[in-house]
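Quick one: this structure, given as structure tokens, is what I'll be asking you about.
Chain IDs A, B, C and D follow the sequence of writing; residue 1 opens each chain.
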Amino acid sequence: MSEPRTLAPPERRIAQVSGVERLGAYDLITALDPTGPTSPRPGQFYMLAAEEGWGGGDDERPYLPRAFSYARARVEEDGIALSFLLEAVGPGTQRLAELAPDEGLALLGPLGVGFRPAANGTRPLLVGGGIGAAPLLCWEEELAAEARSADTDRAPEVLLGFRSAAHAQAAALFAAESQVVTDDGSVGRRALVTELLAAELEADANATIYACGPPPMLEAVRALCSERDVPAQLAMESGMACGFGACFGCVVPTRNGYLRLCVDGPVLDADLLEEVV
Amino acid sequence: MSEPRTLAPPERRIAQVSGVERLGAYDLITALDPTGPTSPRPGQFYMLAAEEGWGGGDDERPYLPRAFSYARARVEEDGIALSFLLEAVGPGTQRLAELAPDEGLALLGPLGVGFRPAANGTRPLLVGGGIGAAPLLCWEEELAAEARSADTDRAPEVLLGFRSAAHAQAAALFAAESQVVTDDGSVGRRALVTELLAAELEADANATIYACGPPPMLEAVRALCSERDVPAQLAMESGMACGFGACFGCVVPTRNGYLRLCVDGPVLDADLLEEVV
Amino acid sequence: MIELCGVPLRGPVLNGSGTFDAIAARRAFGDALLERFPFHAFVSKTITLAPREGNPPPRLWETPAGLINSIGLPNKGLQGFLESDLPELARLPVPLVVSVMGFSRDELAELAAAVGERDEVAMLELNVSCPNVETGLIMGADPSETALAVEHVRSQASKPLIVKLTPNATDPAAVAGAAQDAGADAVSLVNTLKGMALHPRTGEPWLGGRAGGVSGPAIRAIALEQVAAVAGAVEIPVIGMGGISSGRHAADFLAAGATAIAIGTESFRDPAAGHRIAAELDALSLGGRMPAPASTIA
Amino acid sequence: MIELCGVPLRGPVLNGSGTFDAIAARRAFGDALLERFPFHAFVSKTITLAPREGNPPPRLWETPAGLINSIGLPNKGLQGFLESDLPELARLPVPLVVSVMGFSRDELAELAAAVGERDEVAMLELNVSCPNVETGLIMGADPSETALAVEHVRSQASKPLIVKLTPNATDPAAVAGAAQDAGADAVSLVNTLKGMALHPRTGEPWLGGRAGGVSGPAIRAIALEQVAAVAGAVEIPVIGMGGISSGRHAADFLAAGATAIAIGTESFRDPAAGHRIAAELDALSLGGRMPAPASTIA
């Protein structure tokens, strides 16, 4: 099976910011990429940096670009409009969140390998924790379209967990109704998204799981699925300097030793992992 | 004679940018300094940096603050409005030129010693080259006010030289009519401002010269004045890291050895200098 | 067109060892990488006799205008390199430099012999300077230790030999001189400077390897001083690197006496950085900023 | 309240020698400087036996997140210092540390004796590390050279003696150990790293002194690693510095084993930096980020 990887041009290019939308605790940044490939694969990511004023933030940072899954891609006549959902947690994301329309967004990508098709005859279950919803957005879109055209009942179901109502606003970006829980009960039940997943698997374990979120959540998903022998694909994170395999900095421990998440991931089969740390 | 030095508070503070005016080749930045002294002395300077995004420009710079003579000071009820005339020549001045109203301007000052009164009975002649006009603006204002109140005929005369018409727009900032020449003849004669000075001194050498501009101009002024025994004060420049005597980096060679321009200047008696380099 | 230790190169821009994996990059960029290859010669990541997993993560920490890495030289080992990597690297459109490091002189000799006999290899680079591996620091910081290591490699390989120096030494020029006298054909510097970062919450070392090596613009001025000192002390060509991110920086290193330059961390920001910097450098030397062509002939 | 070599200090924040001229600052800021003095102890600029003019300008070059200086130790010389500077520095509201450097061991002994006998002086700092003066580098880079220098000062002065180390050495921990064994009461590090910049147009060295020393955030990670290595190797207190510009950075140096820290280049951005950093540090240790009080008792 050929891996879901759309090749990137071997140079950084400048996209033009077209929209910056505040979504509760997150920002949705959209930029027009004039020359990049028009069909990135859900789960792939881009390395982003502001064209101007990258640096001079807290601690004279950021210096290196930052990795972001694309959340949405729309082909337009003068290029492809890429949307990124981001959470400002430090100097890099803060600068990106301050981008204004028409500013330049330096990007490299799409990078890494995306989500693989669901195991035969299983239903796709998308499980997102917080900002981990980002890569699930375009994946839900694609799976739903496939389901419609094949007109099966294999439309994806989406389970989301957020810290608070402000974060939960991101749920509105999904096409289908999603089940939402929060840590503070401000939206949906006060529960962990993995509780929703457990219930779903109790009801019908014939599923393929696609999960993205913080390590503890991914580890819980991995454990749940391995107990029940349910196939799962995890979109993971690690600190990245380059995004294309050059620095060997983004490794995660797997049953096959250290793997570079930027070229062998970011989507990994849960089976490959002893444990998500 | 007590030196013309208004003391600065011993800490950097944040002023709020109230105006950014494009003046041909220069920018006039005005910021409200809430707590600084209300009577800086003409010729004194401030160390400036943008509160946000200082760094990340060309070559990951600027890092250190930059020195700027104040061009104008207006006492308002909620502080003192300081104006700086600046020419964008590198990452620091470029960032400052991009300041928007309500952005924070970090400043320290006033620093250094300003212009001293004219020698008894001499007329003040202000000679500016390019951006060197900046410190002469507030000095002309003060001298003119003094002349009015004393109602003498000692009102200052202003001689200015600029590269081109775009730069010469700064001449409009002076209260009195000034004599202007340019390198390309686009405004006034095609001549050097030192030619104007030579003519003035031919007509009446009973003057005190206040000059600010590029080193070759200042050296020409120094030479002209020493030949004719005309007292001259030069507002000089050198690369500065601190502005308050801490780094010993801003020294200029004088008859008394190296002097730190930030504490012993920036205004120096021309006699003190062998030559302006 | 320049010549480095007798090897003709289309220009003076190399990559720093360990900062560009052409095989992984080909997976990400496809053949376009070969069509627009960013360097005039390719330097492999340092290989060792036995395979290495490298250091536990986290391996990266961003500093002001720089990066600390504690990668720990992960590599497939000599056999794995010769079998799976070398054939792929041989397809690159530029001459290949293979970087080797040994933890004993016998290891060095074995590596040198095995790599040196391969036609695909244009030059060898001896890494005596990796700050993440004890031996590297000790060998590269001491002139006589360095000389012995060079002799062992030299005796086994006739290929042009570059010795990569560490900046974590009192007198890099003395080490360079010793390398030259021991038979090195060129020296390259700087490798990373020892550095450390603590976990924001725990105050414990952030990096899995505890300490690491600092690279990027933050070290450029330090690297330029060492390159100038070394170039003034040896006759053999010097390959300068350390925070180069523009043609102007490259021109500075050439003006300081380097024959060629290498791009490391800047490639992380843009895989085409080498390409851009070579173009900027051409523009500058045409502009007469400095005698690049002249000073780039070994 | 901490104690450094038996001298009580209101806190752990010093200035780096040569980065704050309290006398000049008083001309600029007046008595407000004394009322809000930014440091818990004041370290003088390094003085030498004979007066020095310092290096020709330009003396400064800004680097990414850093600064290169080639000041060249301008100072009035021992007599000038004792006559005109010492009385003024004695008026500061904090203990005074006088930094001395000698170009021969006799000079060192003479400086130590003359400064050490003055009651206004709380401690001596021996600068064996200034990268702008040949001797500095040689002494400070070699353990035995350093030991000899320390012994000569020690024999003449009973005051607590701090030895300021250079980072331009293969093994700063070994030099620190030698200083300790020779009688030093504390070590301070890092001084600046050797660095260079070229004139954008001519390609010639920009600095009047040709090379200079790099300071600021760019070197922080390098300094932190050396401070951790030295603190692990000696029993005497360590004063850590190098690019500290926030309480978090100060906390890192204390966590790495320093007893006190010093602010250098950051004071150029804000003369009150020491004051701000001390406050941020208090907030952090209250927040329990790291055991500041404990680890700051010598």
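Throughout what follows, contacts are C-beta pairs under 8 Å (C-beta built on N, C-alpha and C of every residue); 3 or more make two chains touch, one makes a residue touch a chain.
Remember, it's a predicted structure, so these values are computed and weren't measured experimentally.
**Student:** Could you see whether A-D or A-C has the larger number of C-beta contact pairs?
**Tutor:** A-C
**Student:** Farthest from chain C in C-alpha centre terms, which chain would that be?
**Tutor:** Using the mean of the C-alpha atoms as each chain's centre, the farthest one from chain C is B.
**Student:** I'd like to verify one number: the distance from the centre of chain B to the centre of chain C, where each centre is the average of its C-alpha atoms, in whole angstrom.
**Tutor:** 48
**Student:** Please report how many Å separate the Cα centroid of chain C from that of chain D, as a whole number.
**Tutor:** 34
**Student:** Give the residues of chain B that touch two or more other chains, as numbers and ranges in rising order.
**Tutor:** 55, 59-60, 63
**Student:** Hunt down the residues of chain C that sit against at least two other chains at once, touch-wise.
**Tutor:** 63-66, 217
**Student:** Looking only at which chains touch which, which shape fits best: line, ring, star, complete or other?
**Tutor:** Basically all the chains touch each other, so complete.
**Student:** Report the residues of chain B in contact with chain D in the complex, numbered from low to high.
**Tutor:** Result: residues 5, 7-12, 49, 55, 59-65, 106, 108, 111-112, 238-242, 244-253, 257-258, 260, 263 of chain B touch chain D.
**Student:** With touch defined as at the start, can you tell me which chain D residues reach chain C in the complex?
**Tutor:** Going through chain D, the ones touching chain C are 61, 63-66, 68, 141-142, 168-171, 193-198, 200-201, 203, 211, 214, 217-222, 224-226, 228, 243, 248, 251-252, 255-256, 289-290.
**Student:** Which of the residues in chain B end up touching chain C in this complex?
**Tutor:** Chain B residues touching chain C: 59-60.
**Student:** Which part of chain C faces chain B closely enough to touch in the complex?
**Tutor:** 65, 217, 246
**Student:** Okay, in this complex, where on chain B does chain A touch?
**Tutor:** 52-57, 60, 63
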